[in-house]
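Common to both upcoming complexes is chain A, partnered first by chain B, then by chain C.
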Partner chain A sequence: MQLPNQDFVGSERAGSAGVVAVVADGHGHSRHLRSARGSRLAVSLGCRAAQELADLIEASEIAEPAAGAEGEDADTLDSPAGRIAELVNLSLVPELVKSWREAVITDVTADPFTEAEEEKRRPGDDPVIAYGSTMLLCLVLGNWLILAQIGDGDVVCVRADGSAELPVPRDPQLDGQVTTSLCGPDPAGDFRIAVLDTRAIPLLAVLLATDGYGNAQLAEDWPSSFSKDLTWLLGQRDTRWLASQLPSWAARCASADGSADDTTVALLISPAGQAMGTQAPSDTTAVSPEADAEDEITIPADAAADDAGPGVR
Partner chain B sequence: MPGGGVARRPLHFIVMADCSGSMKGEKMQALNYALRSMLPHLVDWERDQLQAQLLIRILAFASAPNWYVPDPLPVSELSAHWRNLEYVPMGRTNMGPAFRMVAEALSPERLERRALRPAILLITDGLPTDPPGGFEQGLAALLDVPAGRSALRLAVAIGRDASSEPLDRFRSQDVPVLVADGTDEIADRLVTASIAVSRMSEVGVNREALAERLLQPGQQRGAHPVLPPEPGQVRLDDSIL
Partner chain C sequence: MVRAGTAVLVGERLGEGGQGVVHAVTIGGAPYAAKWYRYAPSGELRRSIAALVERGRPHRAFIWPIDLVVSDEISGFGYVMPRLEPRFSSFAQLVSKSEQPPFRVVISIGRHLVTAFEALHAAGLCYRDISFGNLWVDADQADVAIIDNDNVGLDSGEVFVWGTLRFMAPEVVRREAAPSSLTDLHSLAVFMFYLFMHGHPLEGVRTDSSYSWSPSGHHSETDLALRHFGTEPVFIFDPEDHSNPPRPGDPVAIWWRLYPRFFRAVFERAFTSGLRDPTGLGRVTEGVWRRALVRLSDCVSVCRCNASVFYDPDDPGLRCWNCNQVPPRPPLLELPGATVVLSEGATLTAHHLSRNRDYDTVVATVEPHPARPGEVVLRNVSKKAWTMTPEGEPAKTVEPDRRLGIRPMSIDFGTAQGKIIS
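For the complex of A and B:
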């Protein structure tokens, strides 16, 4: 018997010309019996929170980084990256955590746990535990790449030279056995963020992937080989071809040959990445799976564990 | 696809087999028979599930530990090329150094990041004979490694006397020490342990409930329960911190 895919993915426009993409991985353990709803809420609320952040940044004076500024200076509060990071930490993350919790409570109030569901819950469990999910958020706004992540999964940035950049700090709590979560005791504290100035660190693409993708990879340093391969593919193929292939990559990872876990990815391709191929570059954009991919660039894809083929909502 | 090949996640299963002098004779014969009997169950389980590639190693320990199967080996390969363990004449039951050796094998530098929660099965007929503090320091080293700490740690005691407080400290909290009252029960206990290792390593299962069903004292005697797979067995056990 197969459980439904508990991952979710979405993308929206953000700010005047930006884009946000979010993937979320609802936990598979029986204790997290409504995690598919939890991941769906995480994606929709993540998109909304990023849009509000984009508006906030554009309304402020920090939207444009100084030319030649370092890309990884988010630790310096006075720097533009530091100020954006502060906004993420003080605004986006707490608002997101709060709104996700409120949305879960609203959902469970409107649709209380059934008797069968109650049997799976542990005594004393906070209702939000049933909705547990990770979240990986990527906001592209002008020259800024803003990342926020809670829980396992991977954010792989593909640099212009084909090397991999992993800007989100590693969390020593994630040992491959357990994960931090939106339903955890300190979700705001467990978020990890990164802010990159893409003028200082030019990127071709960004991959957001739930842990089903990385756990399927044979190579320990798979981000490096992924980045090299994708850089080569960007020079050989257009994004329409990549869009057609991405669901099969996710499906292969989710299959019994791979991690046998739900796998969801979103691939964002920058104008520089698009320019490597045969098409005219446009802004980095993102689409929902239902959208017509013909005039879009960035590709979300997902696959449920044990699927014969890719599952697209 | 970019990134290279894909593969199932490794599930490392380490058997720590007591080969001390007291295992001489019928006990050693029974242990070898039991280990051989256990392997086909693991082969079947690996074939029937989707998520893991089961890789087994065997550490023989007496006065000093010695890897009998040093490199992670597909369980079907070990089953096809099984060679009996032998006891160590005058060998003592020093568990501390054995724990340390397992800890090294499970260190973050040597364990794949994508590996599933490993399983360790300790089989012994006696109390540890380590020098003072040796058992404790060895166990602390094992539990100091994240994978050692999170591993499913099972113990099979050969004889009531072997079911001791040190084994209670080694085992995972949610599983009891399995006791084989006589050599004729060792095979049953190891098969039960192998079922526990396989089923409790599946992700998405309620490990505590499964331990109760598989390993409660009533289940340790006679026929071992072979449970059908549960719905959702292919899910990751992504428990929250």
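For the complex of A and C:
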């Protein structure tokens, strides 16, 4: 029996000239019977938390190098990247975890589990388990790319040379069978964070994808193939075309030919990516586009026309 | 119980005073307290307490008589009232602690007390015996409880209790007037002085020097009290009469200096014109106290040395009591009719935005910055989104429960516009 799609995706402006995109994958197991709502809450609250984070960063000098700090190690806590990461850990993650849980409890209080739903729950289950979801969040703020992820799914950054960058640390708990989740016992501890300075690592694009996308790929190292293909496509097509194709890529992955799993993606293209004009490599393994998109995409509808300023788009 | 007709089960003795004894009682299994008059009370007292029962408590702070009680076995009467919760301790215990509660807690206690007495007086009643023993506080929740309300009576009614000497208005000490709501205002001012300055407003060098064991110089305690609290009271910080300054080493002098000028001015009025002119024009009314306390709460700040201090934009030279330096100007939120110091723990309540008397509905809180020690953020805890426009940045929405980094900006709260200066 085909279940309704439990994924959700959204993007909003953040900070003065930034953008946030969030993808969330509601768990498919019957125990997580309201995961579609959980993923929807994760996306809206993720956007809100990222907007707050953007404001906190812009309000302070966290993102600026300290005086006399030329040449400092980019990974230390005292570096701008380190300070941003610290703020993500101390602010965005706890606020997100707290607000998601509160929103779930509010939803359950307003709409208690039905008898049929109670039968699917396990005795003693915390109500939030029914709403379980992963989350992949990408905040672009000036030259900074800030990533936060809980659970499975993939964040693939496409470098200017067409190679792939996978900045979010791997989680050894993810074995392909189970995933960490917002409904887990330690969601704050299960988040993984990455902060990139795009001046040091210029990017063409960032892909956020639920696990259905990666699971549908033939190649183990599909991020590399994807990055090469996308780099070529960026040189051949504009973002409007990409936006029109993305749903079909996702649909293909979700189909029986792919992973047969809900697949939701968000693709952010940088100004450099939009200005591409390079040749694509010959060994392309791009997924061919097909019709019947079912999943939402997150290239903001007005992205190409948006003149808000620099940053990955 | 006389009105309810319910039986009262008497338990352990909780305390006793000059008038009667107080026992724990249960009514239908629920805990209450009952006061029984030790000696045969007058019929007028019984009628007075019955009237209080009928009237009902004017404010939740009052531990008010619920019903009269009589016994088939003993003559006389008493009354039942709610049991004072264990979270409350006496005011004397509060001021004698070595570590005082935070300024905001003390200010809240003062404000709740003022509000309670304002409600009492608005009901045409007067308390008559404000003193340490009758006022209890919960410092953790900044709450107050007022006991011994059998002293309460009509403003012009028969007097059963004249008060406690140190808190009595001068005209009552002189027996020229009976306790009333106007004399309550003097007692309230004395209490507020104890609360904020930790001393008595009229006990200074002159009162001390009048005590003497020499035969020619010796006066009775009663004579001295009549003089210092009744016929010749002089405020220890009287701006014009310096004959009765604080005793050397009295901490009241240190406390006095740390408050902004506008707050000290209220005490100056209470103990200068308020001493001489017992009418409403001379005494400080509850409304004046309330506005001063609300403004004081908006001034709570932190010095560079981490001491809790006050910052008043109209009194920027106020020195820190701890390091004696002038603290740096903190970030301020300017609103119509108020300027709020954005220090950790500060709150905006509905009155800041709507100019009403709702000082309890919190709409914004100032919290520590999650990653920058010493800095703060402002959280929207209202149900409405704000629009903030930081200097040099476009306008942004601050949804409920979201925080914003404090820097120069204008904020549209919906019902009011504010401006942050930092």
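Odds and ends about this structure:
Rule of thumb we're sticking to: the second predicted complex is superposed on the first by the 263 of 313 C-alpha atoms of A that agree within 3 Å, B and C clash if a C-alpha of one lies under 4 Å from a C-alpha of the other, contacts with A are read in each partner's own complex, and residues count from 1 in each chain.
The criterion applied here is as follows: contacts are C-beta pairs under 8 Å (C-beta built on N, C-alpha and C of every residue); 3 or more make two chains touch, one makes a residue touch a chain.
These numbers were taken from a predicted model, which means no experiment stands behind them.
Once both complexes are superposed on chain A, the partners chain B and chain C fit side by side without clashing.
Taking chain B and chain C in turn and counting the residues of chain A each one touches, the greater count comes from B. When both complexes are overlaid on chain A, the residue A:V128 reaches neither chain B nor chain C. Of the two partner chains placed around the shared chain by superposition, chain C is the only one that A:L87 touches, whereas chain B remains out of contact.
Touch criterion met: A:G214 reaches chain B, while chain C stays clear of it. In the superposed pair of complexes, A:L137 makes contact with neither chain B nor chain C.
Touch criterion not met for A:I146: it reaches neither chain B nor chain C. Put simply, the nearest alpha carbons of chain B and chain C end up 29 Å apart when the two models share chain A. Chain B contributes residues 1-9, 50-51, 112-117, 146-147, 150, 203-206, 231-232, 234-241 to its touches with chain A in the complex. Against chain A, in their complex, chain C makes its touches with residues 369-372, 375, 377, 390, 393-394, 396, 398-399, 401-407. On the chain A side of its complex with chain C, the touching residues are 15-16, 48, 51-52, 55-60, 62, 83, 86-87, 90-91, 94-95, 99. Residues 1-3, 25, 27-32, 129, 132, 152, 173, 175-181, 183-184, 211-212, 214-220, 222-223, 225-226, 228-230, 233, 245, 248-249, 252-253, 255-262, 305-306 of chain A are the ones touching chain B in the complex.
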